[in-house]
Amino acid sequence: MWREKLKVVKENKIAGLYPFTKLWIVLFYSICAMILGTITVDGYPIYMILSFVIVPILAILTGIMKKVGGVLKNMAFLSFFIIVVQGILVKSKDIIITLNIFNFFNVNLYKQSLQYGLVLAFSIMCMGGILAWFFGSTDNKELISALESKGMGPKASYVFLSTLQMIEVLQKSSKTIMSAQQARGVETEGNVFVRSKAFIPSMVPLILSSITNTEERVLTLESKGFLVKGKKTKLYDVSPNGKEKIAMVSIIIYTVIIVLWRVLLWVL
Amino acid sequence: MGAIVQFKNVTYNYPLSDIPAIKDINLSFEKGKFYGVIGENGSGKTTFCNLIRGFAPSFYKGDLKGEVLINGKATVDYDEGDLALNIGYVFQNPFNQISGVKDTVFEEVAFGLENFGVPVDEIERRVVDIMKLTKIEHLAEKNPFSMSGGQQQRSALASIIVLEPDILVIDEPTSQLDPEGTESVFEIIAAMKAAKKTIILVEHKVDLIAEFADEVIVLKEGQVIRSGKTQDVLSDLSLLEHGVQLPQMAIIGDELIKRGVPLDYIPVTTSQAMEQLEKLLNKEAK
Amino acid sequence: MAYIKLKGVSYKYPEGFLAVDNIDMEIEKGESVAIIGQNGAGKTTTVKMMNGLLKPMSGEVFIGDLNTKDYTTAQVSRKVGYVFQNPDDQIFHSSVYAEVEFGPKKMKIDEKRKEKLINYSLKWTGLKKHKYENPYNLPLSIRKFVTIASIIAMDVDVVILDEPTAGQDLVGTLLLSNILKELQRRGKTIITITHDMQFVVENFNRVIVMADKKIVKTGTPKEIFWDFEALDKAMLKQPYISSLCYKLGIEGDIVSKQEAIDAICKKLNIE
């Protein structure tokens, strides 16, 4: 009765795909994005940029746009920054336009640098984006369960899972620690300079307490029989949802088309 | 013989420490009894628990002289992880007793059983039974991290009790809890007592130890300075000089006797005090 | 004129959880108050609004003339010190001395006065002998005193202690009592959250009971620990001594050991 309740049931067919299938999608999509990055129009990686559009579309189809939207926004911000820095600060052969700032000095936008910046930025966007999709649509326990059926040892899966959990835990801890330091006169609100002074007072307790807590957590694991020899049983097992074949075929067709295209361009 | 846990001439130093945390301890614990361990902070209570559980020396390393025997076998002779089959361990910080790898309390409690290789059907049955016993059924689907300290401690106890160890070593489980949390933890411990488990409990709340423990051991600077029946130990007012808190009733009882109230013995629990005082009041009324 | 004033204060956490529901509280300068109640009653949230860590969602919190809404936490902390329950959330220096020095140093207190304050707080928290040790080499219960010393060294007007008695042994509890007495003697306002009812009886003459996001009652230990309705609402029990007196049918709303002993002797016609 409980086992049914605890099973991860996903209505969305894409989200419910077996974790390994999704990982294949991540891999193939990333490879394709890199290949597309070498197919340029007048030097611009148009097709790679277009292929990025697949990520938000996929996220919407999987019903996780809300979850993943924030991450994509942050990545876009970072990418924009990379593009601008590359395009303006790194000199290359051609200049696209020259901007005049405050009638004081000129800023050049260099073509090849901009193009390089675009490739860099969209590499990040594509790979980061598809990974965000993966983690947004897969529960930790699904992934671990899949890895364990492939033979990953319990210690490895523990390290993996607890690292993922730790992010949330660390966020909570750091909030508490920052409050504790605020209460002692450490300013945490304000400009960058002010905040940077709060860094060490916040980091040290965080790290130290993580270490102490880890020690106790290891003992907890041992108390719960983690180190007992013999086969372990599993209360939960992830299973395929039936749409894996369609998904694999789709991503393989996509990849084959792109590889062929590239090869043809190379040969012709 | 019945000694389920034994300390034979045990002295233990943590690594890089000249001063022994535990010195010359010789103790025998009988199966099915409830032992309270008290003493000021730094007296070696946690080290004591670590020795029973085998964390010292296997995890903490350090230098162990003498032997700690569990069911007749020295802790150092047990295979890695096997002591978990015999001894359950619960400690002070509820937060650190969450495995960190399970999303619900149900799975958290089942975790140990999975590790022991218990068949899945049996896991479900045992977890359901334990959750009933520890009154955490309503928490079954909650995320362990989003519970209160008392709830976390109760589920920590449940996770250990479900493994059905014969011995329970519990180190200051209620220090960080509110009165309600404390009460619910002691309810579970009382149930374990009723189930005839051997319980070794470290606590500062001596009034509660007075109510439940069969025997009390007092530690100071790593040594046992007193051990014996709860009644005898907790009414020994000289222990106050050794930084040991005694039950409110014992302190009052001692004062009353000094004032001339003819109590038969110094009470350590409210019911003992009531019993004697009511008798005297009835006599007085006549 | 009350020094700390809470008027119609409510607080809701960002996740939507209402922690404090429209409370009013007044604490005079130099008062020593214990706040009791089960976890979840709103105690910690309430005191966090007193030192500016949290700003009320509705209503206002005044420390003297300051409205906490107008200042940052760090600024309010100069007047109101808050000792967190878990010292490990706060300590980040490798010596007790440095840790205690941090607060007054940040406040730019002059060298001479700073030295005096540090020595004073180390003395009263029993830490003089641990001055140059690493706090993490000390047991948790002593580390608690390091954080208390850090706040005392800031010479704040108001000291808030969040569950200082948790995990303390007899010696630690006595030390805490002494610290409270000394702070009181110096006219500091003290607010303590604690679950140790006996400690409340022995160290405070004003108690505020909270339950379910509201204040249930405020009064002396006598008034609180014999108001069964209030105790019930807050799901608290009488301290052992009071409970004994109640069961024996002894009148007088007894809370202290001495009173109990005297009353029992009287009832038995013994002097």
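For reference, chains read A, B and C in written order, and residue numbers begin at 1 within each chain.
Keep this in mind: a contact is a pair of C-beta atoms (placed from the backbone, for glycine too) under 8 Å apart; a residue touches a chain by one contact, two chains touch by 3 or more.
This structure is a prediction, so every number in the text was calculated from the model and none was measured.
Participant: Report the chain whose mean Cα position is at the greatest distance from that of chain B.
Facilitator: Of all chains, A has its centre farthest from that of chain B.
Participant: Is the C-beta contact count larger for A-B or for A-C?
Facilitator: Of the two interfaces, A-B and A-C, more C-beta pairs touch across A-B.
Participant: Once you find the CA centre of chain B and the CA centre of chain C, what distance in Å lies between them?
Facilitator: Chain centres of chain B and chain C, defined by C-alpha means, are spaced 29 Å apart.
Participant: Chain A to chain C: how many Å between their CA centres?
Facilitator: Inter-chain centre distance comes to 45 Å.
Participant: For chain C, which residues are shared contacts with two or more other chains?
Facilitator: Residues of chain C touching two or more partner chains: there are none.
Participant: What are the residues of chain A that contact at least two other chains?
Facilitator: In chain A, no residue touches two or more other chains.
Participant: Residue numbers of chain B touching chain A in their complex, please.
Facilitator: 53, 55, 59, 79-82, 84-85, 88-89, 91, 93, 95-104, 106-107, 110-120, 123-124, 127-128, 140-141, 145, 159-160, 163
Participant: Could you please specify the touching residues of chain A with respect to chain C in the complex?
Facilitator: So the residues of chain A in touch with chain C come to 173, 176-177, 179-190, 200-201, 203-205, 208-209, 212.
Participant: Help me check something: in the complex, which residues belonging to chain C touch chain A?
Facilitator: Residues 48, 51, 53, 72-74, 77-78, 81-82, 84, 86, 88-92, 102-103, 106-107, 136, 150-151, 154.
Participant: Given the complex with chain B, which residues does chain C contribute to the contact?
Facilitator: Residues of chain C touching chain B: 38-40, 139, 141-142, 166-173, 195, 197-198, 235-237, 239-241, 243-244, 247-248, 257, 260-261, 264-265, 267-271.
Participant: Show which residues of chain B lie in contact with chain C when the two form their complex.
Facilitator: 39-42, 92, 148-150, 172, 175-182, 204, 207, 240, 243-245, 247-249, 251-252, 255-256, 259-261, 270, 273-274, 277-278, 280-281, 284
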